[in-house]
């Protein structure tokens, strides 16, 4: 069953790819829709069944497909393992993905590469599920890489525009930078544990074999991978650009699933990170920094999808705060809730974009409250959820993280988190108010939205509103069912309920302040951001980080490449050879010039030869 | 049948060429003859592979005395190492012939057949002199093909490749002769059979000198950084089939040579050279990759790419542990398939657009999706995309590198990054962007799909089920490595 | 009387022949220089013949005279032919085969 | 006894003085040969040297050789050369103008010095004196020529024949039988 | 008596042929074709006789009661005889068209070739220095005349002038050496010399040494060792193509007939003495030769330059011989055979082409040659590959034996230098192949005339390949093994 979950999307992707390649011009809308949407539906059912099985008490489910690689001590099977962590992951991934597939069937209708899109989409699904369900690091890594690949393909889906491809390249390359760290971590892990098997379970069992220093290194390297995939500082720059892809892609990949892979990975290796709290703290700080940083930038963006992208990054920061501090369950919980409302936000944004004929600048929108009521309501719910307003899902998960941060004693992280919560509310409501409330002169007729696009919004809105209750903790009268179900090695921070209430209240009030501020500033008369002050200029230009990357990495690489092309290859290596050749030829020419045609010179050469021979002989024979 | 199967495999193409040449066959028959010979060879090789016992070491051996006074014998045999390359060459020939379908120039076909004989012979010979003969022989078709059918500065470039390669092979010849002489001195008879020569105990100093002769030849063939200036011009000028064979097979023969002869003849001496070569390979890995970034000529770009990956293979070889070795050998196979596909696709690009310069391509993806798919697929499999064999190989080499040393491991892992940059930039400029409406974008025809599909299937298969393929050479590597560790105490 | 003087004379004559051969451009002088060299060898042979008390040396010298005659014939024929065709006996005039002139 | 010594002394003196004179003639002749600008002077110098050589042969008791030298070398070869020189009848301006003749001579003499020394030293290192023997008469020469040296003698005739054919081919004024194709250089 | 006379028959036939040709050369009834055939007839007759008497080993010296030990009859000399006659036959037959295309050839030409062959054969049989010298002179003088045969051509005369002046100059050294050896040994017979060298210490033999060294100067000159090389390129260039071919192949190996005999038998004991000298000359020859060869634009001159390099390889072999290498003798002999075949082939093709065109053959003139004449181009490539020492040709095995013998004698550096110059030689040989194959030609493909010269060239091509990789499968045709067996046997018969 587990194997099927992974294999089905791959097969359907392959099937669609073949059909597509066989005749790229043919319009096979029905076929692609049935296969492309059907596959995630089937696996949703399957993964729910897996989930049920685990809920009913199974510890883990294993399923081995084939023996993949067997070299020396490296024996890797294509094997899948579903424990509770992965069950949760696949449950919401498949569920949300199905919704997004349905949504996409409407969104992408009419695109001439419709089949290709679904092929890619299913490929992504398969990769993501492979990543989640892998029972060993290598398989996980393969999923990890394939996820990156499909992300590349999907971001660059509209490939006639070169900037889209640049964005895709950026995404893939930065992901690869992460993978670079990741593979080093895996290799080091393998070498350190050589001979004891290489599945997560055996690693967990033998983790004590590795000394702390190496373990820290491994943890750090693995986290580099997470940085890339989950868009953390400093490898985040691809995420905003990745919005170049079709909106369902942004919803699925860059909000709900792929970007959370990093968090999942850290949770998956929780048995490792629990041994190295220093690295965990480092992760938490990176997360906090990313959260704040993204939130600041988001507050000054005007592209609807970019705002959401930065918001994603910011929320991912929260998750890393959690997993860094050892609160793995809280992290995963946030992943879980975030998937719902962020997918919803993106899909809503997509609906708006479609309705407005591909307009993405929020300051050119407005007054959509009446014109798109369904979208407005669902997005409002999602915004409330992301801003951490109770009782929506975001409140419980975010609160759990901030409480953990406070309780862990790292108050700086907590402070940053709280401030970011305020900013989150601010920029999210800024978006909402600008788009739906503010005035607009635009009276163009809206494009109609198909049902397949709006219905998933409703489902997700319900989810966003309610899934939070799964993880309500003791303080709020729940039983932390989610956390308990996961059975991750959480660091236990004890904190009084009073403090917890206080913190919760603070968060809610911060959220409300942000909301109020946004309403004041944008709902009535929207102020378009202008680069009128230095700080604004810096923020709007995203702190010039992209330019820094170009300056410090791209430019030197190009310079080096040109150096090799223009100096090293021709002027050093080739020149060395050519110099030898030249010297040889030159001496040959000089030597041949002795051949001047005059017979007495020739006789002279002979005479010189004989003479020196005689000279030699005179000495050799002792005659002189 | 089995007794002479290797001989048949080696000489079938040559025989076909001679028969066709004697009867002055028309291009039509030439085409069919060449195709038939390659398919027949492929079947023979597959048949042999079917009967191949991975645990048996050298098999299908055929020894017959040849030039007795010089101790040169006709001595061929196959083991896992040579089988891999033999499989590759016989697998690649039919697609190449399909590629050459419209080729009217007869010399082209003859050269290809001769080339196949040369390469198969070099891979299968176990007599040093026989090896040398084939090693040089396979250079001739390349020389002619680049010089006659190439483009750009092809005449100069073909001269350059021939001279540089021969410089290497001459130094190898010198070493071979010296080793042969040492054998003669101790045993009183001449022999160049590998197993005879392997029994010699050299003193350390001699061994170092002799090994350097071999290594120079192979370093030029691979090419390691510093010996590479022939590479880009030659690849850039060569016609597609020649480039495919050069990058997929001939460059690998450099690795093969070190493996086969280096480790048999001077195992411990190679440890002496290991640090140097590892350094060179690591430099090469990045050097070529960085160079490829700004290269606009596609064939040259993939020449550098090839250099980068071959450096990695060489690196794996010299790391001297089972992971790196398996990775290297596997990489030989998968990179051959991928680069063959890539160069064929580049050839198709040239056929369509009459240019392989990146700055004049673009927009293909929107007009010719199938073409773009294959193009991108091969490019990505060169970059080591998971799901293709290249990934497995790179993974193994990286693990092997980490086993040796953390820093080497880190440096090796950069291969994850190095290919990325230029491949993706290349894809962007070649395939994507807006199409030029004045240009005809012709998608792949059925024939071209048939030619490329086997490669795609194999690449995916090697990525999905590596253990199935690796079982061919696993026992070989284990036993070779054991012998090697026994003799030299491992590489440090 | 010691043979040293004869040896000295012979070797000197040989050298004079060489010098003439190398330093002169007149073909006749070249020819005569060669003849002189060969004659000096004859002198050497005759001297050795006497030193060794063996008549063979003289016989060899006699045969040598035949050889000298043969060379002389061809040489003179060549000089005549060359002079006839190019009105010159200057060896420096014949440089059509020099490197770079082909 | 004393008388014999005296006679021997006188004979020695005579021999030496004859040798000296002949040697001087030889050297003078050959130096004239290589020095003089006019071909005819060179030829006469050569003639003198050859005649003197015949004298030295006689001094070395090789009478037959001396006669042969006079007859073949002098009588035939040198005279033939002079005749050729005269036949060609070179005018002054056709003679090469050799500017650096003496420089060349000097240097080539320096180069030739080791050769001279080598021949001289190696020969004198081995032999100090003459063996007394009978003069090489024509009888002895004839015997040797037709026993030990008959092969060499025979092939000298072939050599002369070949040289003659060659000389004729080279020297004869050929009237082309057919039209000769345009000047070709190789 | 009679049987001894039969043994001289081959040479007698040659001389007879020369006389006959002289006699009929001005008869109107015999055109050039006929004369050529008559010359070939005598040569073939001679070689047939040689074949018949090849195995009669019972008599070592001809008429030893009369001649003394001056005329030796051993396998060595017989092999060389065979090579000379075959070389001459090939020269005459391959150039049949050339003779017809040039008007200046006539009957004496063939007579001179026969004289020269006679001289060479005499040289290989000579067991006495004066005889050897005279034989050498016969061969040389005939070749001088042949070089200058194109009398209307200035370069031909010039080549003759140079060859003759320099040849006579160095010839004098041979005789000087002979005189000194006579002075030392008291005889010029090689047996006596061998006896002398065997019985004396090296410091007692300075006169002999000096003499032998002077003799070696002539040998060096004739094979074109640097610094005695300067004539080679000019003379090869200036001579008519058939003569160049004759000189490069046949005459060049003739000198080895005496050189090997001297080095192996007579001065065998003292070879070590001039090893340094020889090494110096070898190094100069290898480097200088390759310098000469790469700076040429005419193919003929390039081949001339390369023949200097090949002399260098042979000198490596001889130098190894001096240092006591067992294999060196056969190696040199094999190399001679290999070079002989390859040179006959390559020069043969040159004159074949020259017979049909009046242009000089620069490298550029070969552009598109493969298009015009694919088979000739193929053959030329084979010869080039063989000269370059490409494996599967006889040239490769030749180099192989030479270099292994150098390694055996411990001259690693010399072997290395040999390899290096072999590498450089690849450049100029491949340049020609490149010229032939890499350019398209506008001219129509010419039909290949199937005549005697093309057949012979093809045969030579086959021999080159067969000699490089052939086995003993086909009887009577020596393969790679067969040639080295012959070389071995030849050298063994010397000792």
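Just so it is clear, A, B, C, D and E label the chains in written order, and each chain counts residues from 1 on its own.
Operating definition for what follows: contacts are C-beta pairs under 8 Å (C-beta built on N, C-alpha and C of every residue); 3 or more make two chains touch, one makes a residue touch a chain.
The model shown is predicted, which means the values in this text are computed figures rather than measured ones.
Undergrad: Spell out the chains that contact chain C while also contacting chain E.
TA: The shared contacts of chain C and chain E, listed by label, come to A, D.
Undergrad: Which chain maximises the distance between its CA centroid and that of chain E?
TA: Relative to chain E, the chain whose C-alpha centre sits farthest away is A.
Undergrad: Pick out whichever of the two, A-B or B-E, is joined by more C-beta pairs in contact.
TA: Looking at contacts between chains, A-B has the larger number.
Undergrad: With chain centres defined as mean CA positions, report which chain is farthest from chain D.
TA: A
Undergrad: Measure off the straight-line distance from the CA centroid of chain C to the CA centroid of chain D, and report it in whole Å.
TA: From the centre of chain C to the centre of chain D is 7 Å.
Undergrad: Based only on mean CA positions, could you tell me how far chain A sits from chain E in angstrom?
TA: Computed from C-alpha means, the inter-chain centre distance equals 78 Å.
Undergrad: Suppose each chain is reduced to the average of its Cα coordinates; what separation in Å results between chain D and chain E?
TA: Result: the chain centres lie 32 Å from each other.
Undergrad: With chain centres defined as C-alpha means, what is the inter-centre distance between chain B and chain D in Å?
TA: 71
Undergrad: What are the residues of chain D that contact at least two other chains?
TA: Each of 104, 108, 111-113, 115, 117-119, 122-123, 125, 127, 148-149, 152, 156, 159, 162-163, 166-168, 170, 185-186 in chain D touches at least two other chains.
Undergrad: Could you tell me which residues belong to chain B and also touch two or more other chains?
TA: Touching at least two other chains: none.
Undergrad: Scan chain E for residues touching two or more other chains and write them down.
TA: In chain E, the residues touching two or more other chains are 130, 134, 137, 141, 144-145, 148, 151-152, 155, 158, 160-162, 165, 169, 176, 180, 183, 206, 209-210, 233-234, 237-238, 295, 298, 360.
Undergrad: Any two chains that touch count here, so list every such pair.
TA: All touching pairs, sorted by chain label, are A-B, A-C, A-D, A-E, B-E, C-D, C-E, D-E.
Undergrad: Touching chain B in the complex: which residues of chain A?
TA: Contact set of chain A toward chain B: 17, 20-21, 24, 66-72, 74, 113, 116, 138, 141-142, 145-146, 149, 152, 156, 159-162, 165-166, 168-169, 172-173, 176-177, 179-180, 183-184, 187-188, 190-191, 194, 557-558, 560-562, 564-565, 569, 573-574, 577.
Undergrad: In the complex formed with chain C, which residues of chain A make contact?
TA: 592-600, 603-604, 607
Undergrad: Looking at the complex, which residues from chain D come into contact with chain C?
TA: Touch list, chain D to chain C: 12, 15-16, 19, 23, 26-27, 30-31, 33-34, 39, 42-43, 46, 49-50, 53, 56-57, 60-62, 64-65, 68-69, 72-73, 76-77, 80-81, 84-85, 87-88, 90, 94-96, 98, 101, 104-105, 107-109, 111-113, 115-117, 119-120, 123-124, 127-133, 136, 140-141, 144-145, 148-149, 152-153, 156, 159-160, 162-164, 166-168, 170-171, 173, 185-186.
Undergrad: Chain E touches which residues of chain A in the complex?
TA: These residues of chain A touch chain E: 584-585, 587-589, 591-592, 594-595, 597, 599, 601-603, 605-606, 608-610, 613, 616-617, 620-623.
Undergrad: Would you pull the chain D residues touching chain E in the complex into a rising list?
TA: 118-119, 122-123, 125-127, 147-152, 155-156, 158-159, 161-163, 165-170, 174, 176-186
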